[in-house]
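Chains here go by letter, A, B, C and D, matching the order in which they are written, and residues are numbered from 1 within each.
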């Protein structure tokens, strides 16, 4: 059974059809690219999948369960985590606290434990800190653990967002332009990291990206969106040579 | 019969609220700050009016025009000065810091008025010629008619100004996105200063009509109408000019009706409950724009 | 960074506090010795905020009394010193003011001006046993503690007297407006409504408003349709001025009655009393009274403060004279017990009437009725 | 590391209490200062609890005095109507006051789920006014004359203990995963939801907890003063508390404490200014806000401070 099964998903804003008849299936551990020109509806699809927007039609099954109508929180608990195109960190919290916020669902203790500082509080906090440091190490952020998130340079902020998303222990990770604003070196490094986390966390990834080298380099399959509709879906080589895609990107 | 009179009472009270609310909404809409001192600028205006009205030896027409003009000039200058000294340095600070500063300015104006004029309320003679409409038992004072007419005219003028003049468009641009407006060559600072000037000018008009309707001014006279007008502006959708008008009138009528037919003791509680309920159903007020959070 | 800024401020505050402590210690000692030649009278009332006019008037009236007494050689060879503190009409700040005054070693307290503050302060002053005279705290509980006395009438008394008076005028259908946010107004209202019904009258409209309201048209419109034959307005002159003007604009035309808070309304209306002509209210003090004492006071007040005194000023003035009489009664003994004991023995021939005080701290004096006629108050006995 | 910090805080708490004890019991402190201890502690509780909503949750409310008043009335009504020994009555009164306020915190938390920023501010302001209006016309609690005859059983020891409890509870919450959730909501609601933070629950929780302590502070206020008047709990009271929070720094508990101390004591020390007191307060407010928020002035202030520091060294 496929991990992700999206059937004829669509949404309208007023009269505007932002996404129409979107179909996608993803298997466990797959790395899928989602590309398309600006305004094609890529981020809208992410918002539909994570419950920020409610689809006007179609169904979204995740791990065999219907996700339509679920809240972002419920969807996250089912195992979908995401990053944002315009970075959304908890900017006035420390780097490690950003990650710990993502870990909380797993290492939970009650309000009373927290207020009275019962033993469970200490134990859970310690485990959380250890786990958070592990995650930060992967992204080479362990040196900045106590810094304010907003003080990190841009590239590191993007990485922190991925680390925070991973902290919720997702089965599916949605990355929205993770390489935006990075220089080629940083992008190359990011490609490595993405491959690494995919191996290490056994997580499926759906990736929105403008950087073609990144997408073509690491994605197993790619789906291309134009004006809210899918115009191509296949392996990178097919996409590269698809006349419709070329037209969409380069014009006639 | 009573009902119609009560409705008219509400209308005249509401048009005062609406007039003050227009000033609130104007400043909020463009500068995105709650000018808590707006009510107190009105209070200062009323004092200025009362002093200017004592000027002797003027022709009948001038004896009305002179205080009005002096009051308008004083309020506008005061408003712009407050903006320059207290608000402008905080242009990029947190909204809360600005709010507290505005409250500080409000306290400042109150205590200065207290020191200069003392704690007793001062009688101010109406600058509106005495006339009234009577229809059987129903009375409509000249002040109420004037306030209503002036408020409607101002609302229309403001709406036209904001939508169709170049300066108005610049204001809207600043309201949408300060950064982008700056890039388009709009001077954000002078636009906001101008907004304050207009807001304070509106305060002057409000103070003339307020004091003409009620006849007295004290150091704290601006506080309560200020809060009520603020509520009116929010009710109508803060930032929206027709909204301020609508909110003011509705607030006045609700207040009047609640006092007349439910309970005078709980009228304020009822007014605020209506506000809360309206906001729960329509979180941006009657005519407020819904902002879509972009993810 | 801000933290350090604040920390410095705290340090500064502390330093000031220490200085404050030092200064106050001396004051306390001086009082304890008792042999000093100054009687320190503490005063508390609102000098800022909404209710400021009451406190300012009281303070002014008290100052005139102090100057008069000192000019005439003081009391028992001692001069009076008035220390007046602001309480913004807030109970906590009133108690704070009281503590500050105690630090300065006051012998007698004149205050607080408003009821709730006075009650809050008496909770503390009772512990110290100091004589407390509230000039204008009219709530019943203001004199609940054994050390507390008052100059003014109580609220219920005023309500009852006015109910009686209105009934005597042959009026039986009263419309009442009162300030729901003000104890004074509500206290008079409650007693009035009760007494009026007892006397066979009927309250046909019972309306309220809250402090800060300036629009009374709704209430007046209701009253207009209620068939009332008189209007009772138990609240202060500021709002009375609004009501009278608006009643006129609605063409109400009912005779108006009020309480001692009306005093000052003529000045409020700039002398134009067209709309309140014939208004009758209960007052212990009428500035136009031909009484020599009153005229002297009005003159002195006008010279010093450039205005006509109101009833608060008269209450403040009388409170100081009550202190003077009490000190004379004890023969200069400033101990708390002696002064409190002396209070019940004195007869004060004051601006607000001749009065004696019972052990409950209540004054026994007659009420005068004043009528507003041709831009002036006229006393009517 | 953490333990060391806790020990220091405990030590400070004890030393401060001993200092208060010494100053009061020996009579070294002036009456004015003794009398100010409880109001200062009440204001600390109010400021710290409001900071939970304004500073940590990031929602602006102008109705904190409303929570304070319902708590005060509920708790003090209990002590007035029951005649239990004070050591039973007082703690129960605090709990009743706190819980009543907490219920109102829950009610006002509901609009907070839907409204943001200035809209929420006006709703909370309205809520405070509604409470005041209702209290004014409720004769059972004394109406506008206020609730009188409350036994004055609050003293500085009780107040100090309550303040310490408030500080411990709120700071422990802030430094737990629950506090992180609250701060996450403040920093970015959408991101918080995306990592599974239950926004509804934590917003409600912050309002309820904050209201609880405001209610406790209210009871303490009433027990110390002996009288409660609805007019005390007006919009200006809420503003006064808010000013403490903003001045002390949003999300900064120590700052709230310091600001509460200054803003309670300062007006009393300024009594000599008499008529100019409010004017001075207003100016101080404006200047302090300018100095803490205007970039140029902040830099100027930092330059001066760093220079004076160098000179000292």
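Everything that follows uses one rule, which is that a contact is a pair of C-beta atoms (placed from the backbone, for glycine too) under 8 Å apart; a residue touches a chain by one contact, two chains touch by 3 or more.
In this text the structure is predicted, and so the values were computed from the model without any measurement.
Contact with both chain B and chain C is made by D. Counting steps between touching chains, the shortest path from chain B to chain D takes 1. Each of A-D and C-D has its own count of C-beta contacts, and the greater count is at C-D.
In terms of the distance between Cα centroids, chain B is separated most widely from A.
Rounded to whole angstrom units, the spacing between the C-alpha centres of chain A and chain D is 41. Centre to centre, using the average C-alpha position, chain A and chain C are separated by 71 Å. In this assembly, the C-alpha centroid of chain A lies 48 Å from the C-alpha centroid of chain B.
Our note on geometry: chain C versus chain D, Cα centroid distance of 33 Å, whole angstroms.
Multi-chain contact residues of chain C (touching two or more other chains): 48-49, 180, 208, 210. Residue positions of chain A touching 2 or more other chains: 52, 84.
Residues of chain B in contact with at least two other chains: 111, 114, 265, 268, 295. Within the complex formed with chain D, the residues of chain C that make contact are 1-7, 9-10, 13, 16-17, 20-21, 24-25, 47-49, 85-86, 89-93, 95-100, 102-103, 115-116, 119-120, 123-124, 139, 141, 179-183, 185-187, 208, 210-211.
Here chain B touches chain D in the complex through residues 28, 34, 86, 89-90, 92-97, 99-101, 103-108, 110-112, 114-115, 227, 230-231, 234, 238, 263, 265-266, 268-269, 272-273, 275-276, 279-280, 283-285, 293, 295, going by the rule given at the top.
The touching residues of chain B, when paired with chain C in their complex, are 1-2, 5-6, 9-10, 12-13, 111, 114, 118-121, 123, 132, 134, 137, 139, 141, 214-216, 218-221, 223-225, 255-256, 259-260, 264-265, 268.
In the complex of the two chains, the chain C residues touching chain B come out as 48-50, 52-53, 56, 180, 207-210, 212-215, 217-219, 221-222, 224-225, 238, 241-242, 245, 249-251, 264, 267-270.
Here chain D touches chain C in the complex through residues 28-36, 39, 133, 136-137, 143-146, 148-149, 152, 221, 225-227, 229-232, 247-249, 252, 254-255, 258-259, 261-262, 265-269, 271, 274-275, 277-278, 291-292, 298, 301-302, 305, going by the rule given at the top.
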